[in-house]
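Order as written gives the chain letters A, B, C, D and E; numbering starts at 1 within each chain.
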Amino acid sequence: MELKILNIGVLTWLTFLPVLGMIIVLLIPKEQKSAVRWTSLFFTVAQVVLAFMVFTKFDRSLAGVHDASTMQFSELFNWINVKSTGWFGSIKIDYYLGIDGISMPMVFLTAIISCIAVISSWGIEKSIKGYFALLLLLDTGMMGVFVSLDFFLFYIFWEIMLLPMYFLIGVWGGPRREYAAIKFFLYTLLGSVLLLLAMLALYFSVSVIDPASGEKIHTFNMLAMMNPANYDANSLLAGISTSWRYIAYIAMFIGFAIKVPIFPFHTWLPDAHVEAPTAISVILAGVLLKMGTYGLLRIAFPMFPDAAVHFAYPLAFLGFINIIYGALCAMAQKDFKKLIAYSSVSHMGIVILGIAAMNTQGMLGGMLQMFNHGTITAMLFLIVGVIYDRAHTRGLDDFGGLMNKMPNYSGVMSIAFFAAIGLPGLSGFISEAFSFLGAFQSFRWLTIASAFGIVLTAGYMLWTLQRVFLGTLPEKWNNLTDINSRELAMLIPLTIIVIILGIYPNLMLDVMNTSANSLVDFVKMNSTVSFGN
Amino acid sequence: MIPQLTIALAILFIPLVSFVILIFFGKRFAEKSGLIGTAFLGADLLLSVYLFFSKMFSEDKVWDFTFTWIDLHTVINSIPLKLDIGIMVDNLTAVMLVVVTLISFLVHLFSLEYMKGDVRYSRYYANLGIFTFSMLGIVVTNNYLLMYVFWELVGLSSYLLIGHWYEKKSAADAGKKAFIVNRVGDLGFFIGIMIVWVQFSTLTFSGIFSAIGGGNIPFGSTNWLTAAGLLIFCGAIGKSAQFPLHVWLPDAMEGPTPVSALIHAATMVAAGVYLVARTFPMLTADALLVIAYFGAVTAFIAATIAIVQNDIKKILAYSTVSQLGYMVMGLGVGAYTAGVMHLVTHAAFKAGLFLASGSVIHAMHHALHHQGDHHTDAQDIRFMGGLKSKMPITFWTILIFTLAISGVPFTSGFLSKDEILAGTLAFSHFNGHTIIPIIGFFVAGLTAFYMFRMLIVAFMGEHQNKERIAHIHESPRVMTVPLMVLAALSFFFFFSLNPLSASHGWFFEKMTYPTVAVPATVAATPTEEFVEEIHHQHNLAMILSVGIAGLGILLAFTTYFWKKISADAFEKALKPVHTFLYRKWYFDELYDATFVAATMGIAKILAWFDGAIVDGIVNGAGHVTKFIAVVSGKFDSIVVDGLVNFTAFTAGISGRLLRTVQTGKIQTYIIFAIAGMMALMMFYIG
Amino acid sequence: MNLYDIIFYFFAVVTVGSAMVVVFSKKIVYSAFALLFTFFGVAGIYVLLNADFLAITQLLVYVGGILVLILFGVMLTTNTVTIDIKSGTMNLIPATIVIALLAGMLGGIFWTSDWFMSKQFGDIVHTTTTTEIGNALITTHVLPFEIASVVLLVAVVGAAMMARRERNN
Amino acid sequence: MLDTILNNLSHIVPELIVTATLCVVLLAHLISRKSSQLLTILSIAGLFAALYSLTSNFGINISAFSGMLSIDPFATFFKIVIVLSTIVIVLMSRFSDEVNAEQKTIGEYYFLILSMCVAMMFMVGSSNLILMYLTLELSSLTSYIASGFTRKAKDSSEASLKYLLYGAFSSGVMLYGISIIYGLTGTLDIAGVNQVLVQGSANNLALIIASIFILVGFGYKISAVPFHFWTPDVYEGAPLTITAYLSVASKAAGFAMMMRAFKVMFIDSSVMNLPAGTWTLINGIHIQNALMIFSVLTMTLGNLVAIWQKNLKRLLAYSSIAQAGYMLLGLVVLSNDGFSAVMIYFVVYLFMNLGAFYVVLLIANKIGSENIDDYKGLGRRNPFLTVALAVFLVSLTGLPPTAGFIGKWMIFISLINAKMVGIAVIGVLNSVISLYYYIRIIRNMFLRDGVDQTTPVIEYPLAQKILLLSLLVPTLYFGLFFNELVQFAQISVSIFGSK
Amino acid sequence: MTITLTHFLMISAVLFSLGLFAVITRRNAIMVLMGIELILNSANINFLAFSRYSGMNIEGQMAAIFVIILAAAEAAIALAIVLNIYKRFNTVNVDEISILKD
């Protein structure tokens, strides 16, 4: 599948459109605030349009995962080529983009969430140029992570996001923004340096024949790293179930787990969410968390199938802890945003549980849950943002009876809440159900235990709903206004997605299905194969 | 898809259309929304009736339509993995469709007057629509997946309906409680579904049953089959308010009374029984036994509680729980048709009871409002009394319903109840669990007693407050017509032409026992033997039940009408028992003290744990102060510190220690350099 | 014990003894003068080591140059009115420990090491090395020699800059 | 002999040009005491000429002056780094109010910078222990004076004294070590030393002690823990330009000398069965372990103490200590790719560190402070300057897409290639810690508001902007396109007299 | 007992240690400089001793010459710096000169 605009691949467009937007935003004079906003909006909308084009043109029958020939819209150019010396092979790094069923939904999600983040940032007044420039840069980083197939490139994008995020939380955040920002930064950096080491270890363990020169070279090509035949016999990561392989897997896992975040690496999340401005919370929950699980699926599982299978139960156990622990923590929160943040922990646990099952249902469920959680939690954060913009408080006990005062708002809110609870007919249900169904096949008791999470989720969600929306309206909120059309504009698309995917999940499952099956088969098949022999 | 199924689909979606129209354009229609909703339901009812008759006169056992919703393109246990969903109509479905649409229609009709002037009038009708849709969905689906989907939707819509007056904290609480308690049951249901799915890779009823019939049982163990059945039954425990999850139903009386009629009499609570009926073929003898006991215990507990309640709706609520227990017990003992039949008959008279009570409450409200009395509870039967003359239609219909529920001959209730009791006798005959029929008969007596207690106290005797009674009027026609319709349906001839036995009526003829799929070794008594035994026990059951019901009624009249026995004296003498019953066996308190408290406690502990321990895992001595602050309950003010701070902390401490070396005195530096040099030498030499 | 040995021990005692005075003397002027003797002693040792040119250079540069510089330094940095030319000590205990250890270790290795020694040690001709040094300086060691000139240039310019008196402020 | 010497002279033309320039600068200052601009122009011209003539040394790999000096790609590479950084420093000095205030001695200032440059250029090529000592001392002597250049300031004077005492002590100890080596091997030529040592006749104990003594000298020059103590004090006290120069050029020269010394002196060239590009040390010399300990200590201490600094110069001093720790990792692996990683790091370090110092200098010119607290709210007052500083700091942390990442990345590549995973983990964890203090500066600039909100926007001339850009662009460029850089470093890794 | 290389080396070791001791312990900057001169002298003794006992290897003597040159240059610069310090701080006691510290 190929799609080119002006002879440049569509994935490049998708990735670098925001950078283009950023440059233009930086060139606009500081005073023209609305120009800045509209420019940002234009570029993100363009990105959505492109993503939608890619989505429609995407060939559902091609698997991708480990197979370069079925990667779609792929672009492969040589980027770095250091000629080999007598004592050091040549360093070849490619600009290699491509998507398959694992990344397609994420690409789509990223585009939508970024666009919505721009809309929800309309009210930002402080250093508006800087804000939108950073937001667009962040967008590029996220998109890049999901489309790159070269590990080095992936890592660059992975890290590029950190700094914009730091500033976006740190400058435009709440009262404890500095703390939250630095905490986020340090945590994720800690994870990514471990990832870096694992990446280097992989690099030196894998070598392929360079088609250009015919010599054997090390490579950062992810697909090459997945092929057991490419491993050098005596390299660090050769063999099967060796301690080095386990160590590398765990290092990588920690890197990704911090992003997800998996207990006990989750503590940055509540702080970051609470302090971040609404749009950033939306991006954090909507896209950033998915990068962790995406990394597991794209990198950790296929490259370390033996370790992935070996650690499947511990992984599922962590998923279980996430589900229950996140839900219980959410229940005790008094801050609306913090509650949603913990609910994210809980919901991401379902993703973990699903993908740890290593079967089609679980994998699909997990992947779909990634997408669904992205949309649902984004909605929830937007909902909190709407009320916070009006009332300047997020205390759950400060509210009550908003249902009467803000009926439209409450309508959208109900959908988001019930989607989060996993109500059938809304998108969360089918993904959770698949995750559990898949997990049950692999881990019977653990899944039963995890399933208690759905009761707890209903508990804290409804309790929240009651505290904020039901009951009587306190006097002080008598002048609250209902949701305005701009806010509706960002919530309605997500609502539509949530409902459509609830009724017809095939729309998304179709895209992922072939890849998920392929991934499961690939991991299973290679988990008993010795690498490099 | 055959045309009849298209009609079934139409029946399913008409209420949804009603919902969508009313939710989006309700404001515009305002007062007309009620009429719109009622009209839609009327059409729905007509279609259902048509479908009912065409099914009854059809030779086909079942009309089924299945399609693949999600295909996972993979194979597991050599079965292609895909999610098939679809709809089906068999006799059970056809009957249930009529029951649901009929009750729903009547409730719509009744509400036109009852809910007049409500702040969210159109929203109310919209919610009724979505509720009816979900309930119909449960009925027409042919697989557990959709069943679960609609199951949850029923939960949602009941949440909306119960919490309709959400400004009242008790109403919002009740809605939440209903949803969460149901979720607990659903959890079991869901786990059951997981077992089934993992084993059979399909969720359609026919697929599962044929797989089990083919000797394929979960994880190769009949225990897992029993477990799967019981877990699915968990869903029924939740929805049908069985012990121990019955606590939500009485609270749910916070909703508008017609809603109670709809969801707590005829539909939502019936869903659980329906689920058991659907699952019947895969239930093992052990599972059925457990189910029977759950039903019996529920019936007993609820009946005892109902005796001492004063709130008219609470009494009805507990009587519902009790009757649901009856049905479940009926299914559990194997009296499939009897259980289902009781579901249908009960739907009619219980809906009638609720609507009638609604009528009374409506009148009381009206009167109290007139008086400017906002303290008197309009639902308390002790404040009623002597309403007979003022509200004749209501009184007479309610009398018929009460007779029906008490199992007096010539009523529909008698027919179904009698069969269930015969079933329990047969059951005990086969396996010796005599406690089941004993409870069954005892509860029948209790039922008669408390129902007549309600009737007598509320309608007969003298009204205490002259002024109030003057303002009490019979309800308008839109409210009384549904009562009359339901009263008519409470007579025997709709179900069987023989007033004393239903077993030869059309219902028994059409509603045949499903084919049991479980392996013979674990199956319950074979159907033929069992039916044979029921026939043997029938007369005994009839005599006993009529006798006991009569006893109960007599007792009620003696106590409350003739006042030969002082209820107060009894109450005083048995104070602890009374309190125990009045407090509903302390179930709520127990749950609050255990599950709720434990969950919240754990949640709080974990939240604290998250903030203080996980986050600040090695924050060390510096955090002792914070620790103390946490203990003293100042959790909110605690600054949550994390690995960041841990890093900063240890790094900081060591950094600070290392800084002290930098004294600014050059010779100290040189000493350190020499010392470092020496250390290195020692390292190599030593 | 031949003459060579006696001369060695004489210079050794002079060197070490005066060095001790340098290090341990309370008065800085004493130290400075003791340093003179140390330099002398070292020069004597140079002679014993067949380094006549070096010995002379030592005398010229150290005694004639460095020592004078140091004495100037002492004079310029001590207030001559209140003669407080005592200099305190510090870090005595750690210094003693560290230095004792180091000295012991050095002595140990010097005692035990087998050094790179030419086989023809016995028949060394005691000649002057001046010619050789001269030759080396313009052939093999011309680069260090030239760099040394840069060093001196830097020293001159730098010292002049540092020590220059500031006018008008 | 004369012919040889004359011939050899042609290979040190760059050094000669700089030497000539320093004489000319001195004279020019004597003649015209007013124009400091002329001095800058002369210096820059001379340096560029030297840079140009360096290009003719590409590919030459010979030994000159009777084995005293190696003219090899390795030396040429470092000479380029040194000359480049000297150019930047000269330009920075031109813009430094602190330096320009000393109008009377400005000639000496440029003279000192240039002589330091000459000393370092010789340092990186010297392959004789006595020449090493000599050039090391020359560069040190110039540094002592240069760091006391603003001699009227107390802190500058103190820095100068401390530097002097510490340097004299260290080089004394190093000289003593050299003398022991001489005793053990009978030669001062590092290749000759190696030949003797390979035969295994030398006493191990003496050799260890001698090598540790020598290490003291090197450690002092590159400020490795525990020989780093002078660094913070001197960096803080010295003029900013000198601090910047010391942190880059001086360190580069020290590293080059150390790498050459160890590689030529201590490797066992008789061991054959090693992978290409790696080598092993002579039996009994455990310099590898020592370096490992040094590097870990150096980066950890540098990072941990830096967290507490309030003065930006002092913070950067500790940061440069930590950076030296990372570079030492490249030596630990004992392989060509480790060496080339260090060399790449230096190029990167040149741009990012000088860039950071340059911004600090520009800001100090305006607000007269190097205190981190005074940086609050600067982001608003001059976005470009502060964003540039942020980029340099991010690069120092080692985050993509800046060049600093590539520097660290190459170091870790060599570590992982050598399967030294444990030490690599320590390295990456350290870079996480380093983020904590670098980000503090960024935080103050952008996240905090200044005390005085009304302070005007900082304006500065175009020339200063151009210099800033010319440091900023490579910092970003090499982060994404490091092809040539890596290739150049890999070619340049060859040292005369080693395999 | 004849005089051997070791004798010379012992003198050198003693001088080196004394020099270091002076560097560490004396508070007066000039005394510290004297200590450094002792260290340099001790190294020179080593060079010359090794030079003689390894068959008149001229390299040792050359090294010694350069050391002497450097010692002279260093002394000049050191004294200039010390004088400058004296002007700023009015003392040459090293431990009192510590405004730069953590």
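Everything below uses one rule, namely that a contact is a pair of C-beta atoms (placed from the backbone, for glycine too) under 8 Å apart; a residue touches a chain by one contact, two chains touch by 3 or more.
Predicted, not measured: the structure shown is a model, and the values here were computed from it.
Q: Touching chain C and chain D alike: which chains?
A: Shared contacts of chain C and chain D: B, E.
Q: Keeping to the contact definition above, tell me which chains border both chain A and chain C.
A: Correct list: B, D.
Q: Averaging the CA atoms per chain, pick out the one whose centre lands closest to the mean of every protein CA shown.
A: A
Q: Counting only C-beta pairs in contact, which chains form the busiest pair?
A: C-E
Q: From the mean C-alpha coordinate of chain B to that of chain E, what's the distance rounded to whole Å?
A: Chain centroid spacing, chain B to chain E, equals 96 Å.
Q: Could you tell me the distance, in whole angstrom, between the mean C-alpha positions of chain A and chain E?
A: That gives a centre separation of 65 Å.
Q: Using mean CA coordinates as chain centres, what's the chain B-chain D distance in Å?
A: Distance between chain centres, rounded to whole Å: 78 Å.
Q: Measure off the straight-line distance from the CA centroid of chain C to the CA centroid of chain E, and report it in whole Å.
A: 6
Q: At least two partner chains per residue is the criterion; list those residues in chain D.
A: Residues 130, 134, 137, 141, 144-145, 148, 151-152, 160-162, 165, 169, 173, 183, 186, 205, 209, 232-233, 305, 308, 432, 436 of chain D each touch two or more of the other chains.
Q: Where in chain A do residues touch at least two different other chains?
A: If we look for residues of chain A contacting two or more partner chains, we find 182, 186, 190.
Q: Where in chain C do residues touch at least two different other chains?
A: Chain C, residues with two or more chain partners: 90-91, 94-95, 98, 102, 105-106, 110, 115-116, 118, 140-141, 144, 148, 151, 154-155, 158, 161-162.
Q: Please list each pair of chains that are touching.
A: A-B, A-D, B-C, B-D, B-E, C-D, C-E, D-E
Q: Enumerate the contact residues on chain B facing chain C in the complex.
A: 667-668, 671, 674-675, 678, 681, 685
Q: Sort out for me which residues of chain E touch chain D in the complex.
A: Going through chain E, the ones touching chain D are 9, 12, 16, 19-20, 23, 29, 32-33, 36, 39-40, 42-44, 46-47, 49-50, 54, 57, 59-60, 62-63, 66-67, 70, 73-74, 77-78, 80-82, 84-85, 87-89, 94, 97-102.
Q: Which chain D residues qualify as touching chain E in the complex?
A: Chain D residues touching chain E: 129-130, 133-134, 137, 141, 144-145, 148, 151-152, 154-155, 157-162, 164-165, 168-169, 172-173, 175-176, 178-180, 182-183, 186-188, 232-234, 236-237, 305, 308-309, 314.
Q: So in the complex, the part of chain A that touches chain B is made up of which residues?
A: Those in contact with chain B are residues 176, 179, 182-183, 186-187, 190, 263-264, 267-268, 270-271, 325, 328-334, 359-361, 364, 401, 403-404, 411, 418, 423-425, 429-430, 433, 436-437, 440-441, 447-448, 451-452, 454-456, 458-459, 462-463, 466, 469-472, 505-506, 509, 513-514, 517, 520.
Q: Spell out the residues on chain C that touch chain D in their complex, using ranges where they run on.
A: Going by the criterion above, the answer is residues 105-106, 108-110, 112-116, 118, 139-144, 147-148, 150-151, 153-155, 157-158, 161-162, 164, 166.
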